[in-house]
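All chains are identified by letter, namely A, B, C and D, in their written order; residue positions are counted from 1 within each chain.
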């Protein structure tokens, strides 16, 4: 695994939004759930609950990325986002199913998971951002998840010691690994490109800046609540 | 009736878009159909065909304005647009039905009108602009109709001579009259306000300018084709 | 005020969905918040918190009804829903502002209300139901609010004793009063009509029944959580 | 190549809709443009014009399939449709670009193609069907294109004689070939499955039948007009 080496995956806008989100950002990426993942103290019940909700989350997250394709008419953007939708549904979700199976959660269990209010709140906030706004509004609501997981993965990578067992090694390796870090770099480039064509080179001087911050911050808070839901399940 | 006295209903953006649309704009507002309305030479069959298609048009036009409400979260904007949706469905369409009844087209005829491809093309282009983009994209697709009719009405008003019969007096008086001209002034203000909060005070320097021009110009061409459809029915 | 006299406002479908929602329904309409409204024991702080969130709720609720207009092409349906959108934005919200002003919450306070996760969850669930499904899916997500408030109002009306003060008299009179009960009757008729044209006369035998139940039940649970949010603010 | 052997690609619903579309169906699949493709008499200018518009068409067609993913919450359906979106954007469009390059239309030319009204009308009708209705409405608007091209390809396959040159051999082999015919079989199964879960096993007895027919027929007529556009370019 290779922890993130390029700051903010190469997206200054992502960095600016994290800063503008203030306390909400560390409350998400340094959440007790995340710390528990890192030092291995997270109760297994919390992790299992999280995994089940993440399955439902991925369904609506895929819908949101698909909506992003429908909200573009630039072939290059559409291509990249179509790859994302396809990877989510045909690689990520089967991987998720296998991971869950390995620790005793069957696909039937997953499919019967009752969606928690926190899962519902975040996912529908994202799709509604796409209904209400344009592609940039939608991507802004998606980034705390996409890039935030890359940040979290990279921050937890040093917790893995070669040869030592770690209960959440797989999770940390997934999100700190080259594959996911590359996904982040690609998403960050897309985010910059879409922002450039919709609000220009200086996002903070755009009249949309306060709204973009609000969207990013709200999505961040909803991600934080998603961790909280997992933690409360222990 | 009071022809328009404030240039472009007070919307510099509307004026800039008309200019950027180039030849497409006069091809719409000075179309042979419009000239025929003005000098009374438009064949009655063309006008009747237009009226029937306009009924179908108004259904989808109302849908588009309703979508605009769903694409805002600013209470003042939403209020104004909700008034528009309500006025279209509960005032304009009943008026349309009465106008048609007066010249022998029953409401049953109207309801059974087969939608012409030109009607479909314009209306679905507008709703898709709302699906794909944000509120400004949607309003930009709507303005050639809303404000263009105000311009056309005002330009034809001098054709009406007091005491002289004119076969299209009602139509011209409707769109040149105070009520419709006020609707235009309100829509123009909304358009400016939404543009200000989404692209700032200088639209032409926005990176979205070429896309907005394309949307406005395409909608203008589709309006032109709508006239063409009416004319071809004679 | 006239408590509801026609069962389920004349909508058998609404009755069937309430039954299918099982325990979720009484958990909403007989919530501790509702009981507190009825016997006057609800802490004022809870009520004020509820009112502020309800202001934000109404914005997105109006968006959802506007989306419903955009999801129809039946003129009669559209007319009725356009009246609803307009009434929500231009009557209900100003009334809400005046009510709040009378008890010391200024319009500025309302406009600056931070949206609670429970408000966000319900409203975005509704708009997403409209994005994902058809008009019936959207209306099914709206009905627990629209008709549920009518049921709650009617159930609390007997708590008001003529000549006796009641801290929540206005609220109870609003939702048990003729005006709101008529709104419910109209919405119930619309719901039946839309269901008839989309799933036919026997909803429970439709293949969509399980999905409609899930939507109705989830929306009901999110309404229950909305009360819970108010209660927790005391 | 293997002409279609299973009737209607295994979708009785597709067969019923074709029949219900009446004259509109043969007017599309036996259009003069199609006959010209088959006997090689289609003017090259028509074919080139068609190819350029088809490039623009594919952009919006991909958006429509992406919207379909966003309108489902069934993982299996979403997976299949995500594969379609990805194949359209990352296989079909590059193939299209190569085909065009081989006959002298550069990618720059393609990207600068002005969208014809007929292209616009059909594609936006489809996306609007998705905005207005549910997944079945959207798929019904897509099927005349997806499956119709499979039917047309299969019907033209016998026109190819081994060893003889044919100016449109590539086109006919593409749409009559195993790959595309398999795509059709998959889409037909999806269509049946979605119909089964939304309107049940007997579509013609569903109250939605007249609307589905209208959508299918309108989409068919817009496809017919697309051929007409190509023909008129000669």
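Here, a contact is a pair of C-beta atoms (placed from the backbone, for glycine too) under 8 Å apart; a residue touches a chain by one contact, two chains touch by 3 or more.
Quick caveat, the model's predicted, so the values are computed rather than measured.
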* Asked: When the contacting C-beta pairs are counted for A-D and for B-D, which pair yields the higher total?
  -> A-D
* Of all other chains, the one whose Cα centre sits farthest from subunit C -> D
* Asked: At what distance in angstrom does the C-alpha mean of subunit D lie from that of subunit A?
  -> 35
* Structure fact -> For the pair subunit B and subunit D, the C-alpha centroid-to-centroid distance in angstrom is 33
* Asked: Can you list the subunit D residues in contact with two or more other chains?
  -> 63, 67, 70-73, 127, 131-132
* Mind listing the subunit C positions that touch subunit B in their complex? => 59-60, 62-64, 66-70, 72-73, 75, 78-79, 81-83, 85-86, 88-90, 93, 111, 127
* **Touching residues (chain side subunit D, partner subunit C) in the complex** => 70-73, 131-134, 137, 196-200, 206-208
* Contacting residues of subunit A [partner subunit C, same complex] -> 63, 67, 115, 117-118, 120-121, 123-125, 127-128, 131-132, 218, 221-222, 225
